[in-house]
Amino acid sequence: MFPLNTWYVAARSEEIPADRPLSRRICNQPMAFFRNSSGVAAAVLDFCPHRGAPLSLGKVEGDTLVCGYHGLAMGCDGKTVSMPCQRVRGFPAIRSFPVHEAHGFVWVWPGDVAKANTALVPHFEWQGNPAFAYGGGLYHIACDYRLMIDNLMDLTHETYVHSNSIGQKEIDEVPCRTRVDGDHVITERYMEGIEAPPFWKMALRLNELPDDKPVDRWQICHFTPPSHVMIEVGVALAGHGGHAAPDAVKAASWVVDFITPETDTSMHYFWGMARKFKPQDESLTHQIREGQGKIFGEDLEMLERQQKNLSNFPDRKLLMLNIDAGGVQSRKLIDRLIAAEQAPAAQASSAQGVAA
Amino acid sequence: MFPLNTWYVAARSEEIPADRPLSRRICNQPMAFFRNSSGVAAAVLDFCPHRGAPLSLGKVEGDTLVCGYHGLAMGCDGKTVSMPCQRVRGFPAIRSFPVHEAHGFVWVWPGDVAKANTALVPHFEWQGNPAFAYGGGLYHIACDYRLMIDNLMDLTHETYVHSNSIGQKEIDEVPCRTRVDGDHVITERYMEGIEAPPFWKMALRLNELPDDKPVDRWQICHFTPPSHVMIEVGVALAGHGGHAAPDAVKAASWVVDFITPETDTSMHYFWGMARKFKPQDESLTHQIREGQGKIFGEDLEMLERQQKNLSNFPDRKLLMLNIDAGGVQSRKLIDRLIAAEQAPAAQASSAQGVAA
Amino acid sequence: MFPLNTWYVAARSEEIPADRPLSRRICNQPMAFFRNSSGVAAAVLDFCPHRGAPLSLGKVEGDTLVCGYHGLAMGCDGKTVSMPCQRVRGFPAIRSFPVHEAHGFVWVWPGDVAKANTALVPHFEWQGNPAFAYGGGLYHIACDYRLMIDNLMDLTHETYVHSNSIGQKEIDEVPCRTRVDGDHVITERYMEGIEAPPFWKMALRLNELPDDKPVDRWQICHFTPPSHVMIEVGVALAGHGGHAAPDAVKAASWVVDFITPETDTSMHYFWGMARKFKPQDESLTHQIREGQGKIFGEDLEMLERQQKNLSNFPDRKLLMLNIDAGGVQSRKLIDRLIAAEQAPAAQASSAQGVAA
């Protein structure tokens, strides 16, 4: 269950080079992504109308994706442009999907084309902002995308899953607070006067700050629909105001999580970090990405085995503790979006009832 | 969906040595193939009547296949011959399948034994003919066997799938023609005054002909039921009559395709080439087989991913273009055979209706 | 189909170290095994009541298994002991399973807790007996556990499956005899004046006896519910009384087989040998275990392919020969146990019928 009339991250820009299509299933739809001759990205159903071959096995030529089986040239709009020795006017169109590219990500709208609006593509503080440097990657995880939202909206798990890197005992000893502000769920936790965990010690050192002094640490998780979780994280030398401390005494970042359903029980997880210090240092970007990739990889087995357990015991009710409030509230927003998508049909049929 | 009362190629002769059985599923039936003491091949259901062990894990002794679990000795006719310390007269028989071996291939009849007739095993020009040399191999492909028939009855795909070897632009620029002659579908294409593609250049050189002169090229695909596709292919130096040119100025071959259903969505593909030049040169046979194996392997991913797409979108109608006529006509013949197999039952029940 | 109100071997003791849980599915239930601070083994459902994570990904702390996701501490009785910053009194319990450990094995009772009785854990002659040395291992096999019982209660298969080690022609030439004594099925076979097979030649040599003299060989298979097969095996120099001969002229052992259903079509196979000679020689234990592991591994492919065949032809009736009597009688005992477990419910509903 996922909303369809919304924008999801489909790919990082570099995954779709000028000359080669990308095959990716999103919200149960197999899609072929490619760029036209101007470099503009497009997405069509990965299904050639001729004989059902996957278009993503073909190659890009001009403004078309040429099927690798018999040479049908598919346009960005799902209409066949040409095919050797064939008149193609009567060929049925296949589905195309609205695409929008911005700041290194390709977004796709898997639902009703008439409702697609690029003004709805979200924008985040760190995007296109020279004060930040972004690095990230992509994991494929065999679990319902909502399990990842639960995971990220309750960072208590860091103490256990990431005990050797970013986890520390103080996280689950300091209560978190969750609040909802319209379509925005915020879960925040502040730890004061603690020792920095290994990952942040590294960040402090790289930022030319001592790593053996007490710090104030914050984690502010922001969920926005359909499945974006941006987390403000950082440490400041203790006593300078924590999250509000000046840049000179802290190391701070956005943890960036774009979560895209593949099927009902699998997802594409675009993880990354946008840091606010030394943004020009590319080797630092690389180093942090390596570290984050390792840490975020620690969640995979837990999430996939949790999914198996839940599939195995579908009737079992889970607990909703205060630490789960972030996930619970996020899922409520998602449920509301799904209900709203199904509502028009219900209204229409009810209207018909009135008309009759 | 496949006809059952017909002969399929089950194996190449060398796959069934004198002392070892072969396990192969054909038309959804697991079969154990083995040779009796005279070397005559037989096929029985791969299921020991004792405890259900696969007989193909056993070994050949005399005229029997001895089960590798408890020693039941199975005869070529599906009847138990002996078992240590057991009287076997009352043992239930298992199914045996009519087998015929000829020219390096073992054929099997998966349907009604009463209708099996070795006179119906097809014979092809190149078989047992010293003017030809055959080399070939076997691929297992996870797709409906009819997708391979479509593939072979429309060689347009060579331009795209085999663009680095036998494919060339002229193929999809020259129209093909399809005609049906009884139980025989022919799709043919003639290209004149073109440059030979890499594979044929090699063949010309091996045939001591220049590879840099214009050639006339032909492709004549012959489908015969249930799923044999023999393709006359070749090039002649341009202006000598093409397909009708004398052997001295051409390189010609039969592409041999025996296609045997394994399950509804998988098949055994016996591919090969019977060439009409230098038939005694075994290293040439080897070299051509290597090349062909590589080229024909290029179709595998396309066919398997096409099958997945079709399984994923079962209701989607595909296009039937002129280039698809060969496959369309071949499928019509197959459908007619299947209908004919099911007809007797219908007639019998209708006859009963009359009698009542 | 398996009895639930009974003890199964769940693990060898060394599989559950003090500090690490073991995940194992038994009779379709995923279980997490761990030890409390006194080393006593416990088993709980491998499902954290908080968010469904597998507890077996956690770690042992004190008397609890701490979930590796958010730190819920689970007690040996399935009740939550604590969780950081949470009151856990109202947390629902998960299922715990009675466990008993003895002589290197951890037993579990997957059924009705109220009926669990450690007095029912079986004891075998070789257990805790200094005259014996045990060595063994564990195989996971994708077949119904009863196929392994059939396998072991009819050693005729040794002639075929193990022809290069313990098998020999005499086994299937000498009839076996099966008898039932209450809940105990015995199949026995005695071979006199034969040549010892390779495995027993090795045992004779290790036992400082000649390996080139005729021997008397015995195989006495004992089945006891739910799925234990203990096999007395050995050879004595011919003419000294065979099974009854003095230890000085023989090499004898118990083959130990604990068979535990994992799912309906898979099992855990705890195989081993308890030998009655040179029990202190640990390198001999190691050597024999290596040999046995190799031999018993030869059954795996046969059993798994037999299972596939039976799943493929579910309606086919198998033969019940005299050599199958051991398995047939063992299955009758199993069926009786299953029926008895279902009977109380039937009686209760019939009693209700009377009451109404």
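Chains: A, B and C, in written order; residue numbering restarts at 1 for each.
One rule holds in what follows: a contact is a pair of C-beta atoms (placed from the backbone, for glycine too) under 8 Å apart; a residue touches a chain by one contact, two chains touch by 3 or more.
Values in this document were obtained by computation on a predicted structure and should not be read as measured data.
Put simply, subunit A has to spin 120° for its C-alpha atoms to lie on subunit B, with the angle rounded to a multiple of 5. Homomeric contact subunit A/subunit C is classed as different-residue, with under half of its interface positions used by both copies.
Averaged C-alpha coordinates put the centre of subunit A at 48 Å from the centre of subunit C. None of the residues of subunit A touches two or more other chains. Put simply, subunit B touches subunit A in their complex at residues 150, 154, 156-157, 159-161, 172-173, 175, 301-302, 305-306, 308-310, 312-313, 316-319, 321-324. On the subunit A side of its complex with subunit B, the touching residues are 30, 46-47, 49-54, 57-58, 66-71, 83-86, 91-92.
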